[in-house]
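Two complexes follow with chain A in common, the first pairing it with chain B and the second with chain C.
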Partner chain A sequence: MSWHKRVISTEIRKILAYRSDFWVNFLGQALVQLFIARALWQTIFETNNLTQMQGMTLPELTLYYLLAPLTLKILIGEQIGFLSRDIYDGGLNRYLVWPLPALGYKVLTYMTYSGFYLLQMAILYSIGRFILNPAPVETIEIIRLVAGVAYLMVAALGYFCFMAMCEMVAFWADNTWTLGVMLRFIAGFLGGAFLPLAFFPEHIQTILNYLPFAAMVSGPVKLILGRATPAESLQSFIVMLIWIPILATCVRLMWRKGNLKYTGVGM
Partner chain B sequence: MRYLRLYLHFLRFSFSRAMEFRLDFTFKIIMDCFFYAVNIAFYKVIFLNTPSLAGWSEDQVMVFVSSYLLIDALHMTVFASNMWWLPYYVNRGDFDTYLTRPVSTLFFISLREFAANSFVNLLIAGTIFGIALANLEAPYTLMQLLFYLGLIVNGWLLHYVLQMIFVIPVFWTQSSRGFNDFFFSMGTAIERPDLIYRGALRWLLTAILPFSLIVSFPARLFFGPTTPGLFWHLAGVTLVMWAFMLFLWKKGLRSYSSASS
Partner chain C sequence: MIVVKNLQKTFKVSTKEPGLMGSIKGLVSRKYITKTALNNVSLNIKQGEMVGLIGANGAGKTTLVKILAGIIHPTEGVVSVLGHNPWDRDDNLRRQMALIMGQKAQLWYDLPALDSYMLLKEIYQIPDQLYKQQIEFLADVLQIKDQLKVQVRKLSLGERMKVELMGALLHRPNVVYLDEPTIGLDLMAQKAVRGFLKNYQREFKPIILLTSHYMEDIKELCERVVLIKSGELIYDGALTTIQAQFGEKKKLVMTLEDAPVNIPELRPELGLLEVDKNKITLSTTRNYLSGSMDYLLKNFQPTDLTIQDPPIEEVIESFLRKGGA
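Right, the complex of A and B next:
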């Protein structure tokens, strides 16, 4: 168990090493996205003279836009290149002498980043929640938050599988960061981080509900905000649980095949 | 003339290097196509829920969207790779090599890498822009179109200046990842019409960090009515931003302390 703790503390020190980066990232990114989204939707609400759209008021939509981009950040975890760089540079060699499994180490570092961003989200959500909805916190909301945190960490594990597959293409191809960026576009748009899925046409929503992206992004956000019934949240969680073993099997297969291609002196 | 010849050499090297990594070349083209598709789909979904946005109809918004796709493609083709590498050069001390060349360091560092794959995307973005213009219901003259294209070029250069302003702090902070990520977040502001912003946010995005001037102001000048105030605001802020970037660059060069700076 000791190597787990050491890896987590090393990664946290890495995240905090560049303090200006950390603060610009923490406050800047989240707030900029929020203000821009709020301005866009405020204009749409006023143009159409509405107080609700797709069952959401402007403050509710604002809270959604506070949580959705942060959720995507939690899912994305470690930056693109967390595995492909080792494959290119021959860095996987060090796991021959390190007393820990390479893939296990990568999962743990990735999840440390996700956990750290989750903490950021908790702070920003607490502030946003009390500004936009000053009602006192009820027990049911605390239960939702705890369930949402657990949901998010499982979702991050699912997204890790997607990312790991993109990264492992490095065993065969020269450059794979573009795959990570494409995945981010797809997950962001089809998952509901850019636009709540309720605004999509209904037949498209039906399809999206069976894909892993909506279950990973929209699912936990709706759960935390109380915008999904327990049955709906359970359904999207189950969709994700069905996808994760499929993705994990693909990761293991690619890892095994890729290791046979690995030359140990950089690709 | 010497700089033009040098740039032609950059182009030749960039194309031959791109052709060495064909799969990477293809992946990058597909990635940008995804970016275009997501941006267009975003506004298509918005217009399923509203008949207009900030006073613009759907066909006008599509011209606006295709304009920033065009600017993005131009930026990705000419400047983006160079901007990406600059922090690494500074951090590892590789920047020394660029300082010793007998040409302007800013020219060399900004234009050395030409992204051949993005040149293909530039053609795709140009086509999308052409289609959006063809579907625009309001009439426009050739002069108006040329004026708009000129403003798009200005927007492209302003985009470069703004990104440089976010990259140059690496001379002091040692890592520009936070600033870089912040710049990309701010990039969302480019993709929205400026008339949605009010109060302090509007002031911020049209004067201090003028992301809204990249595409939204040119689009407003194109769709009309053309107000001289809007044009002079655009021209004035662009000049101030250029001057600020050059000032920052010179300060940064003075702070650079070579390897592992």
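Right, the complex of A and C next:
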């Protein structure tokens, strides 16, 4: 077994190490989020006597609210602090001493978490569809689902670059937890996880379509739900593919510069 | 072989005035000071040598270890470890190196040690046969077999250090950096770790660089010591030499049949006299040793007389206080 596979297997074992935390994280959190969104939108629909909002019925909107935050979770992968905490307390030392690329190791652990949340999304989405009985929602095509999953994993890699840049500020500023929180909020807002992008003014939507967040969050959700044409999905995927090398270059640059600043404190 | 030439490392450290106002001021402007952690340090370590790195807190020991391990970059100077620049982070070097930090865990806390070892096996590309052999050998010597399947965080401090040591030595490194390997351990565990390191060094002949605040570690393991004070190397040589050269104080301990009734006056330059029942201790210096001895033998009838060297801790402490030779 190569070290890559062993890193993934070790991370999975870490995720599974604590039973109650696992179940709360796996089911509890998303279900709570889902029921809050459902209750909120149901009130809005009933108060205004609406059958549709921006072309979405209540079950469709509820499904969107199930998928969008879970997508964000997949993108965010490992918890905030996955790199900055190591820089802050000297935990990075172990990765620098091991004969492997430290940043590559971090990408793998990050993607393992993303993969785990993808599984969570698949299960919760199936439960959600069953509970909500969203009759108007068209049947998901397998091809769209597979494309959506692949899209999501590439998006997670892109988001890793964003996260890594925020985390690596710790080389200069020690504590950067707030930056991670801000990024999560910005990505959630501009990506359409908090409010579908269809609710934004059209000129803002046009701008957002060229930014990476919409391509990373809304792009795969719309693809899975069948709310985007293949051409639209391809366009948002290409936008993301253009952003990734730019972000990756920034990550490498910050890593190189940051390493010169690293003091390995806490050792 | 490790070669260090004219190594220098400076850090820019921010400072803050104490108190609430200091914290508020610190939000707007910070003062920075440049701290020299290492200044013109040069040393060579041959394969198979075990060297003790000694110095007070903040002397620069850990900075030196971190540079040698390739964790941080030096400001100036040349370092070669087994022919490599450590901060090039060449995999060929890192496969031959191990770093054990007493205050920092390398294994995953939430997993049993064996899980982490399986990862280390792949990282260091340890062949199956050698891996099994090492696990058996190390677990046996460190007497830790039963703890390998227990979550690391549930182990005692001593057990944790043992599993850390085991993890770091699985790939049979040629260079081992040990930073406070016995810190916080009880006497039994300290002894076990020391015994293990001694045997390991004898069997596999790696370079071992050991920093420790416990002089017992250094005394038992290292023939050669390197003393660092305020970032400068002030002594590099045999531990026995430092003791012979700088252990100026001697203790004469005389045991009598009964407690002495009359104690004649002692010339102040001959030292300090302490009497405890039938035991007389005279702390003196090497120059006045014969005079002190004369005084004791003339005035008392000993049943036993010993000349003691001061403990190595005291010698080194006084050496460091004086700033070296």
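A few notes on this one:
One rule holds for everything that comes next: the second predicted complex is superposed on the first by the 250 of 267 C-alpha atoms of A that agree within 3 Å, B and C clash if a C-alpha of one lies under 4 Å from a C-alpha of the other, contacts with A are read in each partner's own complex, and residues count from 1 in each chain.
Convention: a residue touches a chain if its C-beta (ideal position, glycine included) is under 8 Å from a C-beta of that chain, and two chains touch if they have at least 3 such contacts.
The structure presented is a predicted model; accordingly, all values stated were derived computationally and were not measured.
When the two complexes are overlaid on their common chain A, residue A:97 makes contact with chain C while staying clear of chain B.
Of the two partner chains placed by superposition, A:88 touches none, neither chain B nor chain C.
Once the two complexes are overlaid on the shared chain, A:264 sits against chain C while remaining clear of chain B. Contacts of A:3 after superposition on the shared chain: chain C is touched, whereas chain B is not. Counting the residues of chain A touched by each of chain B and chain C gives the higher count for B. In the superposed pair of complexes, A:14 makes contact with chain C only, with no contact to chain B. After overlaying the two complexes on the shared chain, residue contacts for A:255 are found with neither chain B nor chain C. Common to the chain B and chain C interfaces on chain A are residues 18.
Residues 11, 62, 66, 69-73, 89, 91-92, 94-95, 97-99, 101, 103-104, 106, 108, 110-111, 115-116, 118-119, 121-124, 151, 179 of chain C touch chain A in their complex. Residues 1-3, 5-7, 10, 13-14, 17-18, 90-91, 93-94, 96-100, 259-260, 262-264, 266-267 of chain A are the ones touching chain C in the complex. Touching chain B in their complex are the following residues of chain A: 18, 20-25, 28-29, 32-33, 35-36, 39-40, 42-44, 47-48, 53-54, 173-176, 178-179, 181-182, 185-186, 188-189, 194-195, 199-201. Remark: chain B residues 21, 23-24, 27-28, 30-31, 34-35, 38, 41-42, 45-46, 48-54, 169, 173-179, 181-182, 185-186, 188-189, 192, 195-198, 201 touch chain A in the complex.
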